[in-house]
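Structures given as structure tokens follow.
Here come two complexes built around chain A, the first alongside chain B, the second alongside chain C.
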Partner chain A sequence: MHIEPSFRKRYHKALSDTAMLKAVKNGTGRLRGQRATAIEAVGTERWMAFRDRAEAIRLHVIQHLDQYLDQLINNVLKNGGHVCLAKTGEEAVKYISDLAKKKNAKTILKSKSMVSEEIHLNPALEKQGCNVIESDLGEWIIQLAGETPSHIIAPAMHKNRFQVADLFNAVSEEKIPTEIADLCGFARKYLREKFLGIDIGITGCNFALADSGAITLCTNEGNARIISALSPTLVTIMGMERILPGLEELTVMLSLLARSATGQKLTVYNTLSTGVRNEEELDGPQEFHLVIVDNGRSKQLGTKYEKILNCIRCGSCLNACPVYRNIGGHAYGWVYPGPIGAVLSPLYQGMDKYGELAYATTLCGACTFACPVKIPLHDMLYALRNDKVELEKTGGVVEDITYKGWSATFATMSRYRFSVRMARRFQFPLVKAEKIAYGPPPISDWLRHRDMPALPDKFFHEIWPEMDNDRKE
Partner chain B sequence: MAEGLLAGDREAFFSTIRQNIKTPPGGKAPRVENPMNGLFTQRETTVEERQDLRERFIKEWTTLGGKAFSIKNRVELAQVIKQIIQERQLQKAMYWDHPELENLKLEEIFSDTQASVSRWPLEKKYNDWIGKAAAMEAGIVWGDIVMAETGTLVLPASSPGQPSTVCVLPITLIAIFTTAQLVDGFAGVVKFFKERYGTNLPTTTTFISGPSRTTDIEMVLTIGVHGSRYVYALILDEA
Partner chain C sequence: MKASLFVTCIADLMYADVGKSVVQVLRRNGVELDFPEGQTCCGQPAFSSGYYKETAIVAKKMIEVFENSEKVVIPSGSCAAMIHHGYPILFENDPKWKKRAEEFVAKSYEFSQFIVDILGITDVGATFKKKVTYHSSCHMTRILGVEEQPKILLKNVKGIDFIELPYAFDCCGFGGTFSMKMADISSAIVDEKVDNIIATGADVLVGSDLTCLMNIGGRLSRRGVPMQVMHLAQVLDQGGGKNAY
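After this line comes the complex of A and B, so read on.
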């Protein structure tokens, strides 16, 4: 196995952070438990029917993405909203930065948007003097810590209350107690003031409805609801695949999303908004901008990875994954962690940077089983490994010779038996306590994390004839 | 309303998408006819069945952390509202400009309490109403349609007098509705929306299932981080 040093450094760092590992294990365990209870209440058969329906809906949309995008754009424009089509992250960032300049925006409040993390929007806006504040509690905590999210739906899962109190005390005039209720109370008070002085609001998009141009936002805290009510100018950033035909399809997705993410029947606040307020209305945005981002998504259409565009970002695959549960989110490097991140990062950011994430899996398939829209994540991870090997021929000449030798040896029984006899005879300098304990690289790498038993005195195929004779006698 | 503007090269944006979309050997996945079929309860309900739905809603709503009251008449309504005013020590409340709430004459109920109540709009200009709205301790809304299975208020901003600000800014939310507003779940909501709006949806619709919640610190459930912390459902008999 070839792992890039950067990934190794990242997961080694993660493995040494015991507080983080404990928090991630606890958090993912709870979320998995809550999801299981929710599914039990629905009934396994009905749950499977929900998943089948959701998969069919998403497949249809992705294979007709051009039509639905066209319909969505026309409806948003008709409703009075502006639309920016951004092929790259830079185009999206430029559009929003220019808008902030034009509006002379000082205070920008954001609700959770993974795409905005993906395109590095906050640093660009901060650079031009805007005060950008994340309003989702978890996002705000990691913003204060100067970190990136470690989980799609619980971004600050890796922090404990004492660390959060330290972060809050750095922006508070009075000392905040470490009780969780007090910490949340402080966040409410502090952020409420910011909400009331908002110049531009920026939200993500859970689903856009093509037939009405409505944007759906799902938050348990209500922050996205407040932002879309109070922002004079509202910007919604969406990955171009986050479309559904209409309201009926939305009900299926909302039912699956909440249960898969947190085990709730529905997220507390689900908002459907068509953008600009009517003339007689007093709240809601006067100006609405929908930024539709491609940034590598269109390249997946028509490929064996197309189904990754079905993702509804519920985070369920993270909680199911034994690797994620043992290393947390930051080890994955880019903004999307866990199995979904291990697939998305190399596809969107390049195999050269993130190809090694295809090895951050046990290929157990738990992610695929957990996915509400039935994305075959573990098959994709396996395919990515193949692609990586094809692309890089990682071991070069040495690996080539090794595999050719291996294949020649295993091609005939006599060669195989001869090689085993030789290996058994000459393995003794490498053996300790019946295990292969030493070896040259890359075997030494492999041995660092795994046990390899020494070759036994007799193999099964050598014992079998004797047993067979005994049986016959 | 004036049409919005499009930025970016529409042709270039779409050309990659169209080039890359392929038709798989079996053909493209067809649109799912009736996506909700078999997944959600679909039925017309009788008055008696809606009594059961009320019980179901109360169970869900209270599990989520809300409080619910079954109310027979206006006298009981006044008693419950006064109890909430007392419980939450309310001074200021605002309510939707909604014909059903108008019929309930909320001002009269509030008149012999410590609290005042104002109907939306509080002021005409943003800078004037925003401060006033932020100072309100309770928002009172009419539940146009309510889902029993999930304990969800569905609040379309059907007119300018029914903004989402009233249901999300104050720390206390009071939703009033009759059992006639109760449906099982999404099937009833979609039917209501199709009949009333078609694809011409109101500017905003808010679905609220219980109080604002977060588990962002140590996965411990904490109520009321941004939206309402105290949520009350006042369910009137439909007769």
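After this line comes the complex of A and C, so read on.
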């Protein structure tokens, strides 16, 4: 999928895609409605206490990440698994590609993994002749479409059932009706057969438990469980921050994750797998590889953005975000969209490439309040804007001039009053029927969609002396 | 009770009537109000754009201007939120100014918050026989935590027909410079808001943030929707008896 480098062009394309926008509004609307109902059932106060607990767990893990990584790796090795600690996405891709070569793997089945999207794993494996099949329904849909996910937990949210039927019909021998049940039925039948011929299975990881080396997989389709049971060689890819100390913490996070993501009390299939099968066990992999990916994460440690590593990828901030709901996920450009993407993308991939995303927000704060682990997302968006100004020494030429002039004017009453009076005196060529009718950019951008009142005959500071004098008399 | 009015730049320059109504309502309810000279803007536009140094210059000035005020009343949720949440961030590494900022924060109140929480008044004695709905602005509810106070005041206005706005807590799409920088996205968001407002069948849209109201009102007017847009203070100023000045 070609990605247009200009954010402006990307979101303009999105704004004109009515089918996509309708699907995204339906999808986000449903998810946030379900989440609200779930929180109501728990009670707001208890929910807030839940969030506090979850935040404390995540903060603790991130502050002791080295210890927990060490513990996790030791336990995975003890359980008979292999571990790759990849500094970059390329390193992770190389490790898995080499493994596939060594195993002479033809068929690779995957369950949902955002990290695998982040490191562009599929194209690399396909290039060396592997048949990579996504087994998560949404991921399979976008794989058929040759696209990337547009939502963290619902990757094909941007597609409607008619578009999905077209994609399925392209691989089906018989024509499939556009009813959702029929579409799901077809996907189930088609993918079930694939599970029987796995050479390598690849899963993501919701949480890795340090004290046991167990990998937790949460799906509503059970596909990750099948893969972890039926793959002779199993690979799990995880972001290096996705660790919890143990089961006790997992119980908190699982109930929070499901409620935040979809409004469920619990995801349907929660699988804990310790990797390689024991001698007396009938299924489970003969070989297990845990690929732990850094790819920009460790450089957030100890910075003001450290809390971004709290994220459990529930997608709740996307559904809450008015910008996401109106442009969808692809416009953001990188794999993580919405508010979390607007913070992660510049932090992981660089300000030069994704700095613009920090401005793709109204700063309404809905994301921060939707976040189950209390990441102050909108504070981080402010901070990123400040970084741009401080570190790059500019927030844009127009902005630099505007705000330097603004502070020089607004810090002194006489200058403020003089300049606003001048603006009022000279606004007349732009005014029509008490409204601003024309203006230079950026006012013209405002005026494309909205009216703007003209400056009135009297400012409040000119009226006040009358009000004050009347009072005194 | 004595209090100082921080009218905000938007009310000062574009909506002087709102400033007048604020004065009327507060005076009628026993507040001895002054208007400290030198006040201009809380600094939100520059702060939101990442220009913290430039913001700090103006913020320091505002802290000085209101240094001798007992209480400061601000008819804008987001400006009050800027002081409460933004000023401590601005002066994070400047202990002297941080302390002064905190003192400013401690005595600053949004208009409806001041009336309900400080004056302890829930009925200001206004009469307004219209069907109204209320837009809850983002920073006022989420950052400042003032949610119920404006609605309590509205519901106690005689003759008013108050209708809850669906998705009242959704952003109107203004977002300061966002409304110009990414005007097309902003417009899509405000259209959702406008659709929800129209669905209430209200005659008047009420809010506590003039910039949100300028955005929503500007879109209503552009779409030709004949709806009155008022700041809470203007509604509370209706039918409240003689001029208080």
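Observations on the structure shown:
Definition applied: the second predicted complex is superposed on the first by the 425 of 473 C-alpha atoms of A that agree within 3 Å, B and C clash if a C-alpha of one lies under 4 Å from a C-alpha of the other, contacts with A are read in each partner's own complex, and residues count from 1 in each chain.
Just so it is clear, a contact is a pair of C-beta atoms (placed from the backbone, for glycine too) under 8 Å apart; a residue touches a chain by one contact, two chains touch by 3 or more.
In this text the structure is predicted, and so the values were computed from the model without any measurement.
When the shared chain is aligned, chain C comes close enough to touch A:H12, but chain B does not.
By the document's definition of touching, of the two partners only chain B reaches A:S212; chain C does not. Using the contact criterion defined above for the overlaid structures, shared-chain residue A:S97 touches neither chain B nor chain C, since it reaches no partner.
In the superposition on chain A, no contact is made by A:T148 with either chain B or chain C. Of the two partners chain B and chain C, more residues of chain A are touched by B. When the two complexes are overlaid on their common chain A, residue A:V76 makes contact with chain B while staying clear of chain C. When the two structures are aligned on the shared chain, A:P453 is found in touch with chain C, with no touch to chain B. Contacts of A:I327 after superposition: chain C is touched, whereas chain B is not reached. Taken together, the chain A residues at the contact with chain C in this complex read 11-12, 15, 322-323, 325-327, 359-366, 368-369, 379, 382, 384-390, 395, 399, 403-404, 406-407, 410-413, 416, 420, 441-443, 445-446, 448-453, 455-456, 458-464, 467-468, 470-471.
Within the complex formed with chain A, the residues of chain B that make contact are 1-10, 12-14, 16-18, 20-24, 28-32, 34-36, 38-40, 60, 64, 120-121, 124, 126, 129-131, 134, 149-152, 157, 160, 163-165, 168-169, 186, 189-190, 193-194, 199-220, 222, 224-228.
On chain A, the positions that touch chain B within their shared complex are 23, 26-27, 30-31, 46, 49-50, 53, 56-57, 59-60, 63-66, 69-70, 73, 76-87, 91, 95, 135-138, 141, 154-157, 159-161, 164, 180-181, 183-184, 187-188, 191-192, 196, 211-212, 214, 220-223, 225-226, 228-230, 232, 240, 245-249, 251-252, 254-255, 262, 264-284, 288, 292, 294, 298-299, 301-303. If you check the complex, the residues on chain C that touch chain A are 7, 9, 11-16, 19-20, 23, 27, 34-35, 37-41, 43, 45-52, 54-55, 57-58, 60-61, 89, 138-139, 142-143, 169-171, 173-190, 192, 214-215, 217-219, 221-222, 245.
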